[in-house]
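Chains here go by letter, A, B, C and D, matching the order in which they are written, and residues are numbered from 1 within each.
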Amino acid sequence: MHAANLVRMSGVEVKGISDIRTDGLAEWAASLGISRATDDYRQLVDDPEIDAVLVCSSTDTHSDIIVQAARAGKHIFCEKPISFDLAETERALEAVRQAGVKLQVGFVRRFDPSFKQVRDKVREGVIGEPHLIRITARDPAPPSEEYVKVSGGIFIDMTIHDFDMARYLSGSEVVEVYASGAVLVDPMFERHSDVDTAVTVLKFANGAIGVIDNSRRAVYGYDQRIEVFGPKGCLMADNVAPTQARLMSADGVISDKPLYFFRERYQEAFVREMEAFVECVRDGRDVPVSGYDAYQAERIAHAARKSLRENKPVQLNA
Amino acid sequence: MHAANLVRMSGVEVKGISDIRTDGLAEWAASLGISRATDDYRQLVDDPEIDAVLVCSSTDTHSDIIVQAARAGKHIFCEKPISFDLAETERALEAVRQAGVKLQVGFVRRFDPSFKQVRDKVREGVIGEPHLIRITARDPAPPSEEYVKVSGGIFIDMTIHDFDMARYLSGSEVVEVYASGAVLVDPMFERHSDVDTAVTVLKFANGAIGVIDNSRRAVYGYDQRIEVFGPKGCLMADNVAPTQARLMSADGVISDKPLYFFRERYQEAFVREMEAFVECVRDGRDVPVSGYDAYQAERIAHAARKSLRENKPVQLNA
Amino acid sequence: MHAANLVRMSGVEVKGISDIRTDGLAEWAASLGISRATDDYRQLVDDPEIDAVLVCSSTDTHSDIIVQAARAGKHIFCEKPISFDLAETERALEAVRQAGVKLQVGFVRRFDPSFKQVRDKVREGVIGEPHLIRITARDPAPPSEEYVKVSGGIFIDMTIHDFDMARYLSGSEVVEVYASGAVLVDPMFERHSDVDTAVTVLKFANGAIGVIDNSRRAVYGYDQRIEVFGPKGCLMADNVAPTQARLMSADGVISDKPLYFFRERYQEAFVREMEAFVECVRDGRDVPVSGYDAYQAERIAHAARKSLRENKPVQLNA
Amino acid sequence: MHAANLVRMSGVEVKGISDIRTDGLAEWAASLGISRATDDYRQLVDDPEIDAVLVCSSTDTHSDIIVQAARAGKHIFCEKPISFDLAETERALEAVRQAGVKLQVGFVRRFDPSFKQVRDKVREGVIGEPHLIRITARDPAPPSEEYVKVSGGIFIDMTIHDFDMARYLSGSEVVEVYASGAVLVDPMFERHSDVDTAVTVLKFANGAIGVIDNSRRAVYGYDQRIEVFGPKGCLMADNVAPTQARLMSADGVISDKPLYFFRERYQEAFVREMEAFVECVRDGRDVPVSGYDAYQAERIAHAARKSLRENKPVQLNA
């Protein structure tokens, strides 16, 4: 998806693509006008003609690739999370710092027009300093058991987006986490010491309280809603539906359910995310989502996991 | 319904009720605490203890009762229309004028909180001088053939409410009418030279254009919507549903259909209408919906009927 | 308000009213057609002509009045909570049990048509067994400091309605509570060891998780929303606005804010609540909101208070 | 815009572009990767390497270019209307027929996902045979006087889209038109014997009635709504807003106004329109919007103009 978005941008050339699964890779790359396809990502990392790389591989490979790319002087876009381990994430960020390259992390929801408008209006002071933040994030269907096994658990895999959104919306750091979870969707999650339903409460440095609810399966599609409440009002962003069509019938008034999943819902956000990365690389500007943001979201995710395990709130020291 | 609303008002006593169908009338009246029930309305009209009468009988009896009540010095509330004939309506209004009594006509929709708010904001100049007025009025089910036979046709029976609403919203008089109609719901309407589906275009003295669409059967309930468009914006009032409950399911997002019919939708408006009448009688104020308003709406209805018959616009002279 | 609603019901006679503030009490009672007004409630409790009493006094007086009324054989409607102390509540309930009278408690929101429809559809199995329950309850303005001082704190005063709603919606008992709170609206709350902003997480016996967010001040009015999510869908009830009018203007699309406060929002619910009580008394049916319901909601409120103080989840034993 | 959309499609090569204004044309074309830019469109029409041409010039040039392109064996996409004169349109269509090439006309709204869904559901019989069709189409701002002067008037320039939409939605031909108009937005329209506000009533062969309201200036943006009412329900498509963000504040509940104008609102529709044309050319399929569709919409537009001038309904013979 990122490749398809990048080839459409003026001033961008996609020099090559690498994947460990090479079946049909070259054909697919060619269809996008990308001439090089390889199963050895180091070839791309070491190519002096390449300015920047995107790291979209499985999470356990992110930090090594980041370190290598940083040392090779490439700017980096990496999907979330950077790693399953804070020390490893720190190592990757240190390599980025030392190389002086840019690292943007894939919290794509920040680029959603509705969420961005809520954040912008919060920053403008429209509702005053936030008191309450509510985030609902429910996937339409659980991932495969194979994926769940290596996902790192719901907080680092799924809720991490909401932790970032909470920081983005509040403009304040999380200082305490309380997480509550259950296996209600599929017993498969239990086999991997994971949960499929969760409610997480966040306390922010500025006194605000946040609450996130997650489910791995919403039969009506991808449920993505946010709300920021403050002394001067409440900003909300509701789900996005494929059409505005509506039917009034004897059975009620029926409108479209939300767009199915992240590819549909965040289609525009994915484009804007890449545009932002390209502009930052080209113009030398700061990236809108930094390694620090990833690190903070990972810290919250680890604290949430600990809170769930111990059934008590967990503090995050500054 | 009016009786039930009136007995709940402080300072009002319902002295008696008259109906040509007396089966169970006395029992029903007693259940509301009304001691007198009669099939001779003249007894009420002539009762010196009675200050005001409500005329809710069939349309062909309205004008005679108005004339008698006016001569007896009673204030009068009468359901719409006053009559099927403009000369007869004029006769009734003349009797009211000579007697110096008040006459309020039952255009209940003016008392609906949503419609009233639209009108109030139009008057405040929120959208500027109206350019376009759109009214949708669709009944949930057609009346009986017996009723249709004596209804006077869709324009004087049903659209008359919309003609009054158009005048109320625009604050301007109608100077031309073009009506278009069809029999699409039930062939019964054809047998009585009536239509069950109609679109009427109104031209106002101030240059605005109005459009009304009607149907005798909307399977989803009573469809009552208005819209006023002007140089500074557009005011609208959507349907009212019984609850705010909503279901997001695999079949879509489903909410309640509109309230079933006028008793449900205009429940509050019927109360406010009576309150307004009682206050005007008690305080000697002008009624909010006058005989002149009824006369104008009837004129438009007659012109619409003529326009439909002749298939051309019909002018209303000032 | 209850008195005004009761006098309008057929088959109900309000025999008397008692208040410790007697200024204007008799006049006000007379305006409703109630002939007896007293500052000694025992006169009413002891009156053999009275079948049932409403206890709407300050919370600290509830249990004594309940005990006296029960011993006098009166059926009882009591506002929430029954008391600030579980032992005292138990004592009142024991008296009710021994007297064999009915006791209905004032969780009025159960009678709201939107909330009731959500609950009914949950019971019908429309969304399957609930996984997540979300309740938002924000008051338009904080109470006076005088009130806060004796309110018993946000959980027993305000959130108790949400605790009852959570039980009502889920059909399951709460087994654990985690409460988080802050003083963000008015420092006055701090002076009384209270909070004005709170997020409470509930775990239910059936595995579901609930979350409630509260604020003592929402500038846009009374914010009352619920949501129940399950394997087959999500039921929600949004706020109720005074009108359906909407303005499209250069500044955006603007519609009414929610109804101001509980009197406006729950106007119909208050009527239905009284109707339900009257029917139960008359027909000998079980009350729809029992002393047991009040006791359970109070237990949750006390646990929430403890959780907030100790900053850890608190278990409720069955 | 079409060029930018086409260059992004796989399997499409934009061989050249022609415009009478050549200032910056070559540079702009080059930025899209289009190597040829000319002020002589015949060079493109005669190029044997070109399979299809898009005619997006001013309306008075359409028919000549169509005739030339058809004779050169090119498939043609042409913006609406084909001409201001039915005989001229017939001449262009005859050339297309004789050459056996494809001609698709630019009624882009048919490709809007919301409108398409309404049409699809009408075709599926969800609401039964349509009784009423309502279309609202209001531009955010009037065009320049220079444009108005040569626009052919509101019906052939603006309402023509709605005439096509009415045919598309109803699946039936228009047999009678009554048009009503006024100059309320800008006296400039009067100077060119045009109106800026119009209401048009359509009668369809199947008995349905349609009504269109237009304004040249809606301060809240591009107002594009449709509604189809039938015996089994009512399908509607509301405006599309840039975001789902909403603010609840002391001033009311405020959400985004509609997308500004056709480029924003029909962004996706313009892409789909081109995709459909490319597929038809490539696969030899029938175009989704034919010359016949253009001809019918033009006939209705001319009839509407005549109706406005003569203030009476105008019949369209089959």
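Annotations
One rule holds in what follows: a residue touches a chain if its C-beta (ideal position, glycine included) is under 8 Å from a C-beta of that chain, and two chains touch if they have at least 3 such contacts.
Nothing here was measured: the structure is a model prediction, and the numbers come from that model.
Remark: among chain pairs A-C and B-C, A-C carries the greater number of C-beta contacts. Comparing the CA-atom centres of all chains against that of chain A, the greatest distance is found for B.
One of A-B, C-D or B-C repeats the interface of A-D: more than half of the contact pairs, counted by residue number, are shared by B-C. We define each chain's centre as the mean of its Cα atoms; on that basis chain C and chain D are separated by 57 Å. Averaging C-alpha coordinates per chain places the centre of chain B 40 Å away from that of chain C. In chain B, the residues touching two or more other chains are 218-220, 223, 232-234, 248-250.
Chain contact summary for the complex, chain C toward chain A: residues 131-132, 134, 136, 138, 178, 180-182, 184-185, 197-199, 201, 203, 207-209, 211, 213, 215, 217-220, 223, 229, 231-234, 311-313.
Partner chain D is touched in their complex by these residues of chain C: 218-220, 223, 241, 248-258.
Interface of chain C with chain B (complex): residues 8, 10, 31, 113-114, 117-118, 121, 126-127, 232-240, 242-250, 256.
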